[in-house]
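Handing you a structure now.
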């Protein structure tokens, strides 16, 4: 039997904390922690939309993900210093944006733009799933800000969105992998789901050996459980 | 009932052609066509590996995907002129590389590097899946080149790899979407599989509405059929 | 006496093929081959002109030249990956643009823009001259497209344009150099001419020894012959 | 009489907190707050020095300063996305590096490199002075880490370093300006001092009106007081 | 006693020459020499202001500083070739701009922009102070040009501005350091002053040992003397 | 009859001055003026060659051309600020390098590198031909420096090189075009020749109407005369 280094059950999340209003300027923000992974999520709401969307009556939501140089075990070089954004950063920024857009009705948002920044202050696996889960909380607060200022055309938040990683390690499927498990995983999958239990995004990769339909089903089951738990934590944070 | 503009059955591929040895210099190459989508795949094999891998006895496989400006319906700007690679290009290059690496045993490859270039000459949906499917053929020829020159430590090609897109349009799951279907899809999924029927990569995105487990299962079934058909076509091309 | 590796006479072109309509989206396109050199030429015609030319009543023609990484014998790095366009690419893009503009009456073109892309799929010497020669065919088709759509103010194609390389190898002047000859040439010259036999551009470089007026005269004579042959091939392609 | 919006005396710092060990991976780190300004300071210590310093027996200390996009009142664009570092960022990174190097004896440090990152999570004036003050604490911890691992050639920490801003607003000199005061200041000065009361760096700028020697003397007096207070807070933090 | 290699007194400037109207196109220009340091200063005056200032009725002054590759003892790489501007260049450009803006009344300038370029043709210490001193002369001529063309709303030149370096070498404070002194300086300070004797900018750095108030006072006294001498030379140049 | 605005005969150069040793650090340098065109040419000689040439026993000569922002009538943006080198700059840098390399015997140069910088301080037509002509003088002085230091394997200067522009204006061929003529030229040609009267480079462009062999012959005749005159001026400068 595979036992986890931190003693968790295979279907158990790491301790998750969501600290809302961590920043003063952004219209919505939180510091989300999945174990030692810490992501600062901030959402700024501004009137108006990008040029290509003007006059459509529709809003826009976009996201940027990045990692501080000292977030990783060995310091990594700044992308601003390198003068270019790496493929991984691009890929995750796009994933976060797509995921959050699934929560939004653009017509109800009206011609407002919400920009979400997810900055990883410390990385210990699952940074993109923590980012999406925290970003939803920041997004909800930014939408509230627009609502309180009478800037909405309706109720744009049609769903909540949460995300979690799952993987297969030594043949066992597990939920919410920290770095030490992630590097050993044969298969690694990130799943984004709505609060009502539908899939928004599935990204599964055979890092080691290819996987079959049965393994895929087990992973999806774990992800459904994890996303449901995260949805509860989001609701608690937003209710407080 | 949804009927397809081009008259195909929902589980039917577009006409696929694979023209091997399309280039003279690369150790392996083919022009692959999925309907009107045309991708030039080339694999160059060189002795030696990147610095971080030297002395490991292991080989390396990497890939770059790009699109010619006139490949799309409306001309798109060159990334070389813009001075930076876009997120989509980065994302697909990484996907192609990961997928092909699933076909390779690095120990048997020895300290050789195979670089795969997938350049989209014309785009009509499914460019990344055509790229992966064609890249495998180019890779196999580049491996043969190394074998014929006595540069291999064993037999590095442990699997074949093929990829196909599936999606849900007006509630119906369909295989191998051309551009006109792709833009209308509620859910869009790219699936990479081995010739023996295991999954290498699953990337599913709810462009419109989130999808449930039953829809996911239908999509995976279509993808399995499509990848099996493509595997046959790869074998025929490599046998000719 | 110097004999050529491929058995050609000193004033003989390599086999040239021009395959029109190679692409579906561009308004004009062809794949042009000078021996093993393959260049994909595409011309897109769009209404409107760049900002600095608006309201002038004049059209605009511009060109971009590039080389796929596997076009050369040893794979070369992508300029998009390097993040900057090299001097050679810049220089040839400018040459192609200037050459094609000599074929056009801007007033008759009206405020339309034609963008020409010349992408070298395989390089074996003479890529810039093949690019110009093929680009003219794509340009002519793009102009026809504008004419058929009633977008022209007159007949903008005032001339045809073709280009060829000439050089001196072991003291002998030769026409249309493939790579093996090009690297040995003491003098290398690219000549762009109109269909009516005037010069548009002459770029002669003493790679090895400086050249005198007599050598220059011989080279120009060969170029006149080669351009006349290419003009015939262009006319045949456009007539088919 | 000018009274400050937050009720402070003209020679009084904002509430300052220094939370050590805020990160797990970096050898030294703290979150420093000057009122609402929050800067995450991290110092990583690695064996070896940059190539140009190898074999000298001397160590190296370098610093990078950056600001998260949502740190400012209105979100600012990421420098990684813009593809270049702005002048202000460059200038402050250089200032932080020079200031910290004044604390270090390179011979005693031996051929080790300490890289300091100061990332502004929230900006409300004085970010560069908070960065320097916090960076010293992170540096001291990174040096301790090297000492505990037996990697030092001596005691490299020869001094402590702290920094504070001073300015003239409506003719009155004041210590530690928040954003609302900073934008109104006629003269703005950043002063870096050692714990023993000498000057490391003085950067004074007449934003509005030029200043005379008497005003300069008053500003320097305030800065001496502020740096002494910060030195005490650093010692308390490092003693805890 | 410390004696200077070039025999100057500690409070003596190097020979300074200002050659006005060195360029034909710029509205103001001069070649300024501080000993062997040669800086070409040019000011171009154009109607209109940057977008963010339009309609304000206020003018704008901006500056760029750069160094030719062969200006330094060992040739340095071009920043255009490197594709990015270094921190030092950014820092000095900003300093020159801020310094010159202290000379200008924006309301009187009206919506005109003056762009100042300071290009170091040869560097021997003090390039930034020579740049500021020469830039003022070019600025004054560009203002005259606007005045003569009736484009001013008043008299924008409210002050003259000059700059000089001072430093401590072997414990002795000295004025206007050439390169051989600059590299040996324990403390290095650049001081920008108005013609009427107030401070615009003070940038002091302890390169070697921190400095105390007494040393600071001595340095400021030398700088006052040097700037007064430079102000005289500027007036002579502008009077000629 | 076409008369020239500055009263010159059609085969007459503008006043040319060559001021040697304009810089102190570079091993060779001159300020060359063709009328109002001013180019600062500098050649630095260093031991060693680029990595790809090491161990060959051969030297290397390379060149960079650039223009100061205020060199042109309307100020142009700095390429360092834009973050990329333009096509024209690339093209001319390559031309200058090729031209100067024609003067050099690499074996005699030995493993030394000469880097030539041509910076246009003021532009009034003919900047690239002035650059080449001045660069030869700087190169000759840099070679002398190597010779005097015993670093040469032989006599590397096998030829002198000079360049001039010619063009057709209103049907008349003219030598050495200033800006006002250059913009009106139907055909514009730059010719680089050796001191012994052979051609190194010919770049002719039909800006307006294509040109015929007779016109080409006239232009070449003018260029031969102009280059011969410039060769004399180079010899005088180097003899002084």
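To keep things simple, chains are lettered A, B, C, D, E and F as they appear, and every chain counts its residues starting from 1.
In this text, contacts are C-beta pairs under 8 Å (C-beta built on N, C-alpha and C of every residue); 3 or more make two chains touch, one makes a residue touch a chain.
Remember, predicted model here, so these are calculated numbers, not experimental data.
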Partner chains shared by subunit A and subunit F (touch criterion as defined above): none
Rotation angle superposing subunit A onto its copy subunit D by C-alpha atoms, nearest 5 degrees: 180
Listed pair (C-F, E-F or A-B) duplicating the A-D contact set, over half by residue number: E-F
Distance-maximising chain from subunit D - centres being C-alpha averages: C
Mean-CA-position distance for subunit E and subunit D (Å): 28
Length of the line joining the C-alpha centres of subunit A and subunit E, rounded to whole Å: 50
Between subunit C and subunit B, distance of the C-alpha-averaged centres to the nearest whole Å: 33
Contacts with two or more other chains, residues of subunit D listed in rising order: 83-85
Chain order around the ring, beginning at subunit A and proceeding next to subunit B: A, B, C, F, E, D
In the complex with subunit F, residue positions of subunit E that touch it: 23-26, 29, 36, 40, 42, 44, 46, 64, 66, 68-75, 78-85, 89, 115, 117, 119, 121-122, 124
In the complex, subunit D residues that touch subunit E: 84-88, 90-91, 93-94, 98, 102, 159, 189, 193-194, 197-206, 209-213, 216, 220
